[in-house]
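Going by the order they are written in, the chains are A, B, C and D; count residues from 1 in each one.
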């Protein structure tokens, strides 16, 4: 495992499995979103609070490489790095099976921000999350 | 099949199946909600529109009897009857497998209404959906 | 709060909310299922393992009373009592908001068991979970 | 709109919306999967049937660009093109809002196949879906 700015422990739930007995692909997006929200919470911020201030963060693009499937009731680590590229906030998010640290998912999520209904250059968001 | 006030045809989706290869129990609630919304739409109404007028309809109670499991990519009929009991709007909602009309789910859903933040006796909703 | 045989702490996730900003009704069923699986896990059992032994536990009936809505990122207690009534295993499952112990959901879930493809009188399951 | 090998009409459902009143990001993956399964069905094939023959198709990589958000009860077109690149089957999948054909989602999905538990070069799958 490389270094990450933020890591949480999670566990899959049986109802997230599909016919093949592995976690349905779409649920990984839930895990990624949940991790970003937890990271925000750790900074005393929330999407809800931003929304009330007229700032909306939205996923513009997401790339996911499925490496090893997770199964039901399996623990994993959800790790996150963030950098800014102009108007885009790029989250590198990786999931590792906890038992052997095998890489399960490698994702890149591009977030953009809309302030008072207009696409922003990202400065408001950068200030809120204290990133250059 | 008995008589119903409203019926739509639906089809299960593979991603709604769980480990056992049948539709996950919680998804039936989605089917029921979707059917009520379609029924409303057929009357030119919508929950969104009500919400904007300060009227919120909410599920107070739901009873579901699981009779026969639905599988992936299976067609079914979703049927609805409605009666009012004071402040409560009682939806009788049954799902039938389309191929042989076998009863799959038998549900009763109690809806209450909140108008401008206060629990209502139901008269506003009754008027909107034209029920005595 | 009354006494329960099993209690876990859970937290809602933002993606479980709907248009009205509260947890979508169907997700409560996920919480209930998750709690039953955790309870089983605490007894060294699992549905997956039973399935492999030819024993399938299935929801026959579920009744839910929605008392107070949960919101995103909200902690709650998920509590469970179990009794057997012949072939049926009756789970009383209640959810309480953690901050003030307000009752959010009151549910009764009837589980039946199928052994080698035939509806069982429940003795196999009763033995596995050590209930009279 | 460009040309596509396969197109279906779909409609969003209210329960797929999130807090912001738009379809939650993860649900788009469900739409894409559903469309692939419908495409397969139009060819007389199914993942379930393949699974029983020892052939499993799996998502290896997915890239999604979110262009315009879909709202509840909104109709859209789900379009699909497929090409093979060695062991990978590349689905180009685009979603358009039906009312004005505005592009909502642009996705690329890489599918690989596992035959009898071993990663395949793709020839079995190519034969089943009649692609060079």
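Here, a residue touches a chain if its C-beta (ideal position, glycine included) is under 8 Å from a C-beta of that chain, and two chains touch if they have at least 3 such contacts.
Here the structure is a predicted model, which means the values were calculated and not measured.
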Selected interface, A-B versus B-D, where C-beta contact pairs are more numerous: B-D
Tell me which chain's centre, taken as the mean of its C-alpha atoms, is farthest from chain D. C
Whole-Å separation of chain centres (CA-atom averages), chain B against chain C: 22
Length of the line joining the C-alpha centres of chain B and chain D, rounded to whole Å: 29
When the C-alpha atoms of chain A and chain B are each averaged to a single point, how far apart are the two points in Å? 34
Could you tell me which residues belong to chain D and also touch two or more other chains? 14-15, 19, 26, 30, 33, 47-48, 72
Using the touch definition up top, name the residues of chain C that touch chain B in the complex. 19-20, 25-27, 29-30, 33, 47-48, 51, 56, 58-66, 69
Under the touch definition given earlier, write down the residues of chain C that touch chain D in their complex. 14-15, 17-19, 21, 24, 26, 72
Within the complex, which stretch of chain A touches chain C? 13-15, 30, 33-34, 37, 41, 46-48, 72-73
